[in-house]
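There are two complexes below, and they share chain A, which is joined by chain B in the first and by chain C in the second.
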Partner chain A sequence: MAIAIFFIAAAMAVAGAVGVVSFREPIRSVLSLVVVMLALAILFLLLSAQFVFVVQIIVYAGAVMVLFLFVIALFGPSRELARTRLRFQSWLSGLFVLALLGLIWAMLQGVQYRQPDKGVDLSVFGTVQAIAVGLFTTYLYPFELTSILLLVAAIGAIYLSRKRIDDL
Partner chain B sequence: MSLYNDPIGHWVVVTVAIALLLFVVLTATAYTVWFERVALGRIQRRPGPNRVGPFGLLQLAADGIKLAFKESFVPAETDKLLFVIAPTIAVAAAFLSWAVIPIGLWYNVQYWIADVNIGVLLIFAFSSLNVYAIVIGGYASNNKYSLLGGLRSAAQLISYEMALGLSLVPTFMIVGSLRLRDIVEYTVHWGWYNGPIPLILLTPIGFVIYLMAAVAETNRAPFDLPEAEQELIGGFLTEYSGLKFVMFYLAEYINMITVSALAALLFFGGWYLWVIPPVIAFFIKIVLFLFLYIWLRGTFPRLRYDMLMRLGWKVLLPLAIANVIVTGIVLVATQG
Partner chain C sequence: MNTLNIGGSQLDASWFLILGAILFTIGAAGVLVRRNPLVILICIELMLNAVNLTLIVFSRQLQNMEGQLFALMSMTVAAAEAVVGLAILVDIFHVRDVEDVDELNEMKG
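Up next, the complex of A and B:
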């Protein structure tokens, strides 16, 4: 059962990723990216990471992608311009794909399939409580530093988008 | 239950449970529409539907048949696929929330599809997908009013989602669980009193924020700007007709029942009400909340768009954050 769900979700993710780059209408690309996000969420759930699953849906599918959609809907139903190709484009892309596949192959050399660690209680692993204990004890400093980083980014975005007094 | 532990029996049980729940929610939705029309009628001093069947109870069947036989019109030069997908997403997102909502049937007997650790968060996840239905519907209609309605709605839903989520955090902090059953079963031991307590007594501000944000999240009056008929015709619904319109309509009413049920579960002790049998108590609480929604719609004028944004970002959100901080301080002070 889990295997079947894994392959369905993985196929969804790959199909969505292909859709992102191959659709000519920007809005369809965005929706394909949403499919990728949802498929990734299912994969997290298969790994017993319930909290990450739901956060993936709320944050990525529910908030980040909606902002993408918002911007593209504001531009209106315009199609991408007719294809203009670089010279040697197909050769270059083929080369990059080969390099990427080689990198992945090299990375996977040391990986071995293994069972989940012994002594992990799957009914507790990945629950809200388990994540909270990790975040607020072991990883407290990285967690708080990340929140400051996000705050700085938000303030920076507000500063950049505000109108200058002398521009008005 | 032995049937439940058997792998095939498990799937049979779950499938039957889902089918039953679908039936109950659909029926409830139909009669919510009837209830709204009658209540709104009485608020406006007119009788409301009273011709089809006793008390007009079959009005919804008549409306449904009429809408089903209508021509399903698709405007020219639209994205046909997206135009059809939008109402589908709306209905699916609305129904999925009911997977984790427990229904108290009798003392110690509850009915639920999934009793998961992440509970309420899952409802937020599904309801956050609802915004796609509205934006895609508005975009695919190839109509400026639809597009404006869809964009307004996206901004409104994102703004109020955060206030809605934060309004519930104090509840989770007090109970220490996101599981809806744990929240309903929450009991206190205060001196001589030992027993369940409606959580509104502990987080009244959270309840007020939840109530306002939930109205905005379901696009109901007085926050129904996405479909403000005086300025936007029908917003994202303008080009929809026939069964696709029914699906959007259905989704709106399911969401209304969902937030009413959530309010009853999170703040009013769910199915507990003195000696009244649980299923009736739960029903009464949901109906009271539905009536509150209808009452709001019949009484308040629509907010202006800038007022809506100001309320969401400058009032509800800071209030919700302050509520979380104060609750945290009180919890640490009392429990150590």
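Up next, the complex of A and C:
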């Protein structure tokens, strides 16, 4: 059962990723990325990461993708022209990507798996409580620092999209 | 040691890692091939998602929550990156329509 779910979700993810790269209209790329994110959310649930599964759907497939859709809707669906400045760019890119995949593949062959940690109850693994215990004890400072990061990003976005004096 | 027992079925952790590698390389291909700056941002999101999958697989294999916590942190960073990147693009689109990232060469020395 879990194996079937894995292969269906993996096929969805790879098909969506190919769609992201190959569609000419940006809006279709965004919708394909939503498919990839939902497929990855299924895999997260399979790996008993319940909280990350929910966050993936709400924050990624929800908020971030809606942001992309807003920008594309506001600035028109500009179709991409099939021209490149560099000759052989797609061939060189394909070669580079194949080399990258081969390198990662070769590295994965040498992965030394450590023995799993002892004394972990898998029935509460990845629940909101388990995440919260980690976030508010050991990783309190990184957690607080992310709030500063989000604040900086929000202020930066407001600053970049302000009305210019000469626009008025 | 690298097999995960999920609901009674034995799944190999390396299947997930290979899926992550494939998604990451497809995203890298998109960054290299596509010309539209918006689509390049989308491809970067795809690569970040592939890395998140890897983090969560190792978290499950080691039965250690820290991988999931780090995946949450990387989601925060990705959201911040998308916000700032889109704000920069909106600011550029106010001035002119950009169909090709090569057109953005004003800062070239």
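Note that in this section the second predicted complex is superposed on the first by the 144 of 168 C-alpha atoms of A that agree within 3 Å, B and C clash if a C-alpha of one lies under 4 Å from a C-alpha of the other, contacts with A are read in each partner's own complex, and residues count from 1 in each chain.
The rule is simple: a contact is a pair of C-beta atoms (placed from the backbone, for glycine too) under 8 Å apart; a residue touches a chain by one contact, two chains touch by 3 or more.
Predicted model only: the values in this text are computed from it and were never measured.
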item	value
Partners on chain A (chain B, chain C) - clash or fit	fit
Broader residue contact with chain A after superposition on the shared chain, chain B or chain C	C
First (chain B), second (chain C), both or neither touched by A:Q89	second
Which superposed partner A:R114 touches (first chain B, second chain C, both, neither)	second
First, second, both or neither for A:A73, with chain B first and chain C second	first
Which superposed partner A:V128 touches (first chain B, second chain C, both, neither)	first
Which superposed partner A:A61 touches (first chain B, second chain C, both, neither)	first
First (chain B), second (chain C), both or neither touched by A:V34	first
Touched partner set for A:L101, first chain B, second chain C, both or neither	second
Distance in angstrom between the closest Cα atoms of chain C and chain B, superposition on A	11
Chain B and chain C contact sites that coincide on chain A, given as residue numbers	51, 55, 63, 67, 74, 76
Residues of chain A that touch chain C when the two form their complex	1-3, 6, 10, 13-14, 17-18, 20-21, 26, 29-30, 33, 36-37, 40, 43-44, 46-49, 51-52, 55-56, 59-60, 63-64, 67-68, 71-72, 74-76, 78, 80-81, 83-85, 89-90, 93-94, 96-97, 100-101, 104-105, 108, 111, 113-117, 120, 122, 125-126, 130-131, 133-135, 139, 142, 146, 149-150, 152-154, 156-157, 160-161
Partner chain B, residues of chain A touching it in the complex	25, 27-28, 31, 34, 50-51, 53-55, 57-58, 61-63, 66-67, 69-70, 73-74, 76-77, 127-129
Complex interface listing, chain B residues touching chain A	79, 82, 116-118, 121-122, 124-126, 128-129, 131-132, 135-136, 138-139, 142, 147, 150-151, 154-155, 157-158, 161, 176, 178
List of chain C residues in touch with chain A within their complex	1-2, 4, 6-9, 11, 13-19, 21-30, 32-36, 38-39, 41-43, 45-46, 49, 52-53, 56-57, 59-66, 68-69, 71-73, 75-84, 86-91, 93, 97, 99-100, 102
